[in-house]
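Structures for review follow.
Each of the next two complexes has chain A plus one more chain, namely chain B in the first and chain C in the second.
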Partner chain A sequence: MKGKELLINTIRGEETSRTPWVPFVGVHGGYLIGTTADLYLQSSELMIQGLSKAVELYQPDGLPVCFDLQIEAEALGCRLNWSPDNPPAVVTHPLAEGVALKTLKIPGPKDGRIPMVMETAREMRKKFPELGLYGLVTGPFTLALHLLGTDIFMKMFEDPEGIRELLTFTAEVTSTMAGYYLDAGCDIIAMVDPMTSQIGPEQFKEFIHEPASSVFNFIRKSGALSSFFVCGHAQQNIEVMSQTGPDNVSIDENIPLDFVREVCKKYDISFGGNLQLTMVLLMGSEEDCMQHAWECITTADSPRFILAPGCDLPMKTPPENIRAITRLVNDPYQQEVIQALGKTSSKPELLNLDDYGNIDKVIVDIITLDSESCAPCQYMVEAVKQVAPHFEGIVEWREHSIKDFEGITFMSSLFVKNIPTICIDGKITFVSKIPPKNELIRAIQKRINEKLKSRLRIKPGEILLAGESGEELTELKRKTELALAELGTKLDVRIETGEEFRQNLGVADTPAWISVKYRIRSEGRQPTIEVIKEWIKDLL
Partner chain B sequence: MDKRSPVVKVPFFLVTGFLGSGKTTLLTELIRRYSQHYRIAVVQNEFAPGHVDGQMLREVGKPFQLMEINNGSVFCACLLSDFIDRLDAFLKEARPDVIFLEATGLADPVSLGEILQSPQVFDHIYLAGSWCIVDARNFFPMVDQVFQIRHQVSIADLIWINKTDLISEIEPIEKRLRELNPYASILSTRFGNTTQIELENHFFNVWDKIPVNEPVSKVKRPAVGACVVRSNYYFDRQKVTDFIHQEAAHLYRMKGFIKISPDLTLAIQTVNRDVEIREWPNHESGTEVIALGPDLIPAQFSKKFLSLKQVKSSYEQNS
Partner chain C sequence: MSQESLLQEIAVCVERGKVNEQSPYPPDLKGQPGADELTRKVLDMGASADQVLSEGLVPGMKIVGIKFRENKIFVPEVLMAAKAMTAGMNHLRPYFQSGEVQRKGTFIIGTVMGDLHDIGKNLLGMIVEGAGWEVIDLGIDVPAVKFLAALEEHPGAFIGLSCLLTTTMLNMERIVQDVRDSRPDAKILIGGAPVTDEFKTKIGANWYSPDPQGAVDFLNKQVS
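For the complex of A and B:
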């Protein structure tokens, strides 16, 4: 189950197979196709291209047709200031400039950018019949703020009747827009009213309850589903928002998801959110995004949860961050990996692996979730197991499961980011994909060759001749020098005659011919005791 | 020993306050008095309602750098990525000694602080402080009407009560401000009447101990780092208390609010090694902490801080 069906089932509280995923692509769609926000939001053709690209890249279950809370305001006479990187900003407020409320007309289907946006919705409906399409309408309070400016807060105190009248009008505009979107084929109407986060629950009940309820009633009567979107510090209002009758409440990072879940449970509605926009999606890494998305899913801990950012994606959000979340949502195995990594609350002390692999053998490490329960990990371990015997004892392999702390420490120390991964002598070699046998053999052989080369570079050893001084040693020295000459090589030949020396070396009888091999294992740093032990074992 | 040469970072002040409170007047005053000595830059919302864009500032007739932004009255997290790019370009071009951002009345100061941690600008600026201007005439009832007024007051280092000549008593305002913010310095003023000393005390406060008469650009400043952490999790009281004491030893300042349970918030402040922690019933949003210290790396600080959270975000756990 996916797309529209998954979303609708989640909102209705029916059975689903996984958490639905709705990345709110607004002007970010413009970024995906290399255009600016102002051009994007004024062209149906560009929006369709951007949204189609988002469908291709992010495999979402749902997308908003257009994330721009200025469409209604513009159609009602607010002047906009366009920006290449953001949705436009309302810069004039007609009601604060002498325009009378009664002269304002509900925008018709041909006013402002409304026809262009509805054209986008219709085309998207045709092109992606399985995609959940959100029609975003500006909520009554935010639209009233656009029309009147920030004076609205003072007027709520000074002229409550006037404000109620204004909100009745803006709610009608909101419902009318919702109707246009539904006619164009949208499945869910999201009423976005971020400015309600500025007021308390008492004021909300006094001013917003009626108009918001009228919008949700209209949507319900039209046979569609609705969502109440808010952003900012709106925790105090979740309860009163739920009482206006939406099918879903969607929030941003300022509100704890489990709090919202409990309130929504009480009103038997679904909820969504609350991926962090700036610190995680925009500035974080792919791994941060996956971990954070998983945290949202597990904190929400509900079949009625929709995973979504807290608001419109910032235009230049790195697409790979959003794709990472898509992978997480669709792949239970990725979820297991993130879960395992998330269990370590403290950062492991990194091992010093500078000298790792500096022994004669080639060490192949496989970092896995757990080869017994994870199929890709199992295949990767099998691949190494099959290849290792080809190298007759030269290759040693080890599995490190990140379900153990040791595995996580090892993974972090080698800077491994994906699971499963093969490292050869501490170097990340195969990430996520299971290497074909030949490729794996080649990679190991390459490492063996490297080691051989480096061995050729090491300082030659020397020869030690131990015994009683006299003829037997002279003879041994002569033969050794002859051998060296015939080999065309030069090595120091030292003679040791002391009893103590012989005993130290464990020479039982003389003359004894001893080879001494020098090998620089580390330079300019202090190796750890563990590493020194490995080198010692190599000598035994 | 750290061999890196000290990075000269520019202090960045947020000037918050509701519409008409006198933010532009304060900035005008700062430019008038200090633009001879410092390259002052102002980031201003070109189209904020009621503002006469940069015109009022320009009329002072003194040199300063102006960056106009145009995000209208709604300056929320989703509109900030563009701001980072523009700020970055502006910093390179204007090379100011100090920046003031005149935030709109509805701007979330914590979100603004967060974006200064963007790698693009982090090496060039740091969040030095947040000043909140309060309009004495309209403080009541607006403070109870609009969440962001309370929020801006709660995270400010310095609160100026302006237009005090237009009201009869100031005590109720001070009392309410104290309920929202236990630690901020509160000044009552009409900006025209602010004494030189008052303004300078606060203007220079951030560069602790830098002589007032020495231009900032000629003084070697430490590589100050600022970090803003926000979370809607609850935190372990013992662990955060230990953490605050530990961190205070090597930070210049740390302040904010830490949620321990739905009913309990700690208001904290450290100045050098002095630590103050008290229970605070009046904080409306989640955990918000701002730290300022030499070579502070935000990612490391927030990771450490967030590891102190309780196991679950635990609305359930506490209810």
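For the complex of A and C:
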């Protein structure tokens, strides 16, 4: 089960197979296709491209059509300041500049960017029938703030009737937008009202309860599902938000998930969100992202939880971070790995492995979850086990299971991030994928060659000068000896004037300068044919 | 009413957001004098401007800062409290100008370049001003050069950077670097929804607080 079906079942509290995953791709979609936020949010074509790229990369269960809380405000006359890497910001507030509320009209389907956004929704619906499509509408309070500016906070005390009237109007706008999105084929309407995080539960009940409830009633009557998105420190309002009748509440990293779960349980609704946008998704590593996503899933500990970021993804979030979460969500094995890593609360003291590999033998370390219970780990260990005998005692291998603290210490010391991983002489060589036999042999041989090279440094090579006569080579010999002297090194310089010698080497013209370097590839043992083949290839 | 009890009344007016007699808020104090009238009255009775500040306005605003931190009150109440504080503070301006009353120090604030959000920054400004500091508000979308210019004008001032967007956090980092390049000893406080203590350490700012009162505590400690 995946996509729309999984999301709907999760929201309704029906049976599901796993936690649904909804990366809120907004202007990040523009980043994925190499365009700027301002161009992206004004072009249906670019949004469809960006969202399609997100579907391809992130395999989400659901996506928002457009994450921009300024669409309604713009259609109502607020001026916007566009930015290349953020959604636009509202810079003028008509109601604070003398425009009367009664002159404002509910935006029609052709106003502002509404037709462009709905076109995007329709196309996405056609292109991805299985994807859960979120239509995002600006909540009544945030829209009211766009229209009136921050005076709204004091006017709640100084002119409560006026504010109630304004919120009745903005809620109507919100419902109308929800209707447009539903007509365009969206499955879930998310009413995003982040500014409600700035007021207390008493004010919420007094001012927001009614308008918000009217929006959720409208969505329910239309036969669709709804979500109440809030971001910021809104913990005080989760309960009163739940009382307005949404099917889901989605929150950001500022609110503990277990708290939200308990409140939502009481109101029999679903919940989601909570992934940390900046410190983890934007600035963290893939491993941080997986670890954190797993923490969210386990803290939520509920079949009614939807994994999602706290708000729209920062534009330049590294796609590999989001893909790491996709892997975690879809792959029970990755979950097991993250779980094992997460068990160590203390950071291991790193081993000093600077001199690792400075011995005659080549050491192959396999970092695994545990080769007995994890299939990919088992195959990786098998691969090494099969290859090691080819090198007859030169190669020593060992497995480090991260179920032991020693294993984790070793993993951290070698800066290994993924499981399973093969390190050759302390160097990460194969990550996650099981190398085919010949690739593994080649990698090990390469390391052996490197080691031999360093041993050979003390063995001189030689220089051959080939020509028809000694006289012809006098000048070349002089230069070569000068070069050797300037380098402060000593090598034999041999003169070869035999024709047969030149023919054997394929020397076409004289004088010729030939370097000879001897490499001892094996001593006192019988290398296998496989290994000899690798040595020969090195010569070609 | 004694001077002392009037000063306590002023603190209550600030805490409750009672601006003046006409103000309908809070409903239970309707028709009663607010911070505006009471400040005038106590000054006329001979209280010093310093007393009004340190025994009336500052204690009132401190309670507001603490209640805000503890999630007991929210933005609307803080804004009303700040409005009441400003009504009282207006009567003290001549004394500040004449130098009769000294403020604890100067705090230069602004929302960082690229970011137009000002609610958080304004709240911080009001609460810090209400704690007896001079606040120089550079507004929104402020580049490093403006902070440096203000620092030039107010040597020894503290700097407060605010941002709301995750993308402008990166500008915050740049501004801290730029300011430090010219003024390595500058004391920089940062705040805003996406900012964390970890981020403060990463970018080399001096102090992070999730709420305005934390900034007040830090600033007061620096000058005590």
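Assume the second predicted complex is superposed on the first by the 455 of 540 C-alpha atoms of A that agree within 3 Å, B and C clash if a C-alpha of one lies under 4 Å from a C-alpha of the other, contacts with A are read in each partner's own complex, and residues count from 1 in each chain.
Going forward, contacts are C-beta pairs under 8 Å (C-beta built on N, C-alpha and C of every residue); 3 or more make two chains touch, one makes a residue touch a chain.
The structure presented is a predicted model; accordingly, all values stated were derived computationally and were not measured.
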*Superpose on chain A as described above, then tell me if chain B and chain C fit or clash.*
clash
*Using the touch definition from the top, say if A:F157 reaches chain B (first), chain C (second), both or neither.*
both
_In the overlaid three-chain picture, which partner chain does A:I520 touch, first (chain B) or second (chain C), both, or neither?_
neither
*With the two structures laid over each other on chain A, which partner does A:A483 touch: chain B (first), chain C (second), both, or neither?*
neither
*Report for A:L257: first if it touches chain B alone, second if chain C alone, otherwise both or neither.*
first
*asked:* One more residue to check, A:L505. First (chain B), second (chain C), both or neither?
replied: neither
*Does chain C touch more residues of chain A than chain B does, or is it the other way round?*
B
*Quick one: classify A:G149 as touching chain B (first), chain C (second), both or neither.*
first
*Taking the contacts chain A makes with chain B in one complex and with chain C in the other, which residues are shared?*
81, 83, 85-86, 89, 91, 150, 153-154, 156-157, 198-200, 203, 231-233, 235-236, 254, 277-279, 282, 314-316
*Touching residues (chain side chain A, partner chain B) in the complex*: 69, 81, 83-87, 89-91, 93, 96, 142, 145, 149-151, 153-154, 156-157, 194-195, 197-200, 203, 231-233, 235-236, 252-259, 261-262, 277-279, 282-283, 299, 310-317, 345-347
*Which of the residues in chain C come into contact with chain A in the complex?*
17, 23-26, 71, 73-77, 79-80, 83, 114, 116-119, 122, 165-169, 193-194, 196, 198-199
*asked:* Using the touch definition from the top, list the residues of chain B that touch chain A in their complex.
replied: 18-19, 46-47, 49-50, 70-74, 76-82, 85, 105-106, 108, 111, 114-115, 117-119, 138, 141-142, 144-148, 151, 230, 232-233, 284-286, 303, 307, 312-316, 319
_Touching residues (chain side chain A, partner chain C) in the complex_ = 81, 83, 85-86, 89, 91, 150, 153-154, 156-158, 198-200, 203, 231-233, 235-236, 254, 277-279, 282, 314-316
